[in-house]
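Taking it in order: structure first as structure tokens, then the write-up.
Note that the chains take the letters A, B, C, D, E, F and G in the order they are written out, and that residue 1 is the start of every chain.
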Amino acid sequence: MAPITRLVLDVLKPHDPGVVPFTTQLGDLECVDAATATVVEVDETVKTLRVTLEGDDLDLEAVREEIQDLSASIHSIDQVACGERTVDDPLLGY
Amino acid sequence: MAPITRLVLDVLKPHDPGVVPFTTQLGDLECVDAATATVVEVDETVKTLRVTLEGDDLDLEAVREEIQDLSASIHSIDQVACGERTVDDPLLGY
Amino acid sequence: MAPITRLVLDVLKPHDPGVVPFTTQLGDLECVDAATATVVEVDETVKTLRVTLEGDDLDLEAVREEIQDLSASIHSIDQVACGERTVDDPLLGY
Amino acid sequence: MAPITRLVLDVLKPHDPGVVPFTTQLGDLECVDAATATVVEVDETVKTLRVTLEGDDLDLEAVREEIQDLSASIHSIDQVACGERTVDDPLLGY
Amino acid sequence: MAPITRLVLDVLKPHDPGVVPFTTQLGDLECVDAATATVVEVDETVKTLRVTLEGDDLDLEAVREEIQDLSASIHSIDQVACGERTVDDPLLGY
Amino acid sequence: MAPITRLVLDVLKPHDPGVVPFTTQLGDLECVDAATATVVEVDETVKTLRVTLEGDDLDLEAVREEIQDLSASIHSIDQVACGERTVDDPLLGY
Amino acid sequence: MAPITRLVLDVLKPHDPGVVPFTTQLGDLECVDAATATVVEVDETVKTLRVTLEGDDLDLEAVREEIQDLSASIHSIDQVACGERTVDDPLLGY
């Protein structure tokens, strides 16, 4: 299988745990080299995060499980990149 | 024939298979070095993906067959680049 | 004659041949190092393509003939660059 | 734990201490390599600062305590990056 | 005299000669290293071109004469750069 | 104390001294490596300048005194960066 | 005195001399390494130019005199940079 090198996820997260432990837990996954979470919306009970994960061979199921263990859920998968290098979409600029 | 080095496709995909297995299946094609899929629209029964493929010599027919095997279809081809290097369109910026 | 290093063309093309064989045929011309075609408009019977060609010494007549052989026509020439290097227009950004 | 490499914080700060001692105090924390504070809003009694901190292993609690010692408070955490390198969110451009 | 290294010209050109021979003729001038012409407006009898010329020591009179020999005329000079290197206008971005 | 590496100031300055002697006087301060002043607003009796100062260890008090000696005043401090390197705010782009 | 490394000037110039001799005369000043003039407005009797000058140690008085000798005048000074290197204003992007 072509290894997944980037995942961009829309995640719904309750206010607890906070965005910092949430992100570092994802960063602790063995398949994740770098994780960045940006808060894009704050509602009464949930936060919407854009989560970008990069690695040499990301494991979606391990990511999904970790997110569920953190009481959060993947609302949508916005971008997937795989292969021996990461290519941006030239018409979208990323 | 001048080898195709980049294809940007608009793809209609049912919700199943998901965007991750869809993208990695394309990335598994021998001619594909890197594949990136970005979800640009979500409707009730289908998702519209922008799919960017790069390689040294992309095989459109192999790509099209794989997409059909994944129950999806190429809605349109948005950009094709071929030759010994990849040139961007200077007026569009990509 | 100063060699032409870049041509940006607006091309009208019937739906057949498709944009992929159209682009690779242009890329096959001896004078063309790289060819990129982007679909910018789709009408009932024709597609409008922006075609960017780069090479060390592009031959406009060979390009025009090939485009005609492919049942298409150059609607307009949007940019021409020539000389020992390619300079962008600083006020337009390309 | 995956080390935190970047924190972007929204901070509410009374007018005293000023933004310069505030920023240098944060920069003095052992875990902080670089700190940048930008004033984004000025109200009668408080200033809203965007604070970006980078380091090899940022300690959120040390940062939070220092901010409280400076009579200010973290209003929200806007972005967290962790891992062996820092990845930007490709869809947001940062 | 400080050598002129870049000229950006607004040129009015009848439809004949075409933009390709027009640009290569300018590129043939001994003082011109690179010439790029972009079509910015098309009227019934004339085209408006933005022409960017770069060289080590551009000769405005030779350029003007060549443009007149090509039945065209300089409508305005939009930018001139001279000196031992080319500096962009930092407030305009070019 | 973490050394200040960049200060961005909003300065109100009477028309005399002019922006050139004003900037070079700031540039003469021992702690200042580079100073750039941009005029952002001109009123009847004052000019508003955006002043960017960079150095290895900027001394705010020396800067403030010099500005006062030049009959001007710091209206606000817009950005402060300190530490062993200068980090931009990724969400603001600077 | 900290040497001036960049000056951005708004200049009002009668139509004669033209922008090319005007710019090259400025480029001829011993303190000027590079001069770029961009026409930003054309009125009946004057042109407004944005003039960017760079050098190791620009001499404002020599620049002003030369501009007056060319029948033009400095309408305003938009930016001044001085010091051992040139720093851009991070909030304005230049």
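What we mean here is this: a residue touches a chain if its C-beta (ideal position, glycine included) is under 8 Å from a C-beta of that chain, and two chains touch if they have at least 3 such contacts.
It should be emphasised that the depicted structure is a prediction, and the values quoted were computed from it without experimental measurement.
J.: Would you mind naming the chains that touch subunit C and likewise touch subunit E?
T.: none
J.: Taking each chain's centre as the mean of its CA atoms, how far is subunit D from subunit E in angstrom?
T.: Centre separation, subunit D to subunit E: 50 Å.
J.: Report the inter-chain centroid distance for subunit E and subunit G in whole angstrom, where each centroid is the mean of the CA atoms.
T.: Roughly 22 Å, centre to centre.
J.: Counting in whole Å, what is the centre-to-centre distance of subunit A and subunit F, each centre being its mean C-alpha position?
T.: About 40 Å, centre to centre.
J.: Two or more other chains in contact with one residue: find those residues in subunit C.
T.: As it turns out, subunit C has residues touching two or more other chains at 6, 38, 78-79, 88, 91, 93-94.
J.: List, in order, the chains that make up the ring, beginning at subunit D and going on to subunit F.
T.: Here the ring order, subunit D leading and subunit F following, is D, F, G, E, C, B, A.
J.: Show which residues of subunit C lie in contact with subunit B when the two form their complex.
T.: Listed in rising order, the residues are 6, 8, 18-20, 22-24, 26-28, 32-39, 42, 50, 52-54, 78-79, 88, 93-94.
J.: Which of the residues in subunit E end up touching subunit G in this complex?
T.: These residues of subunit E touch subunit G: 1-2, 4, 6-7, 60, 76-94.
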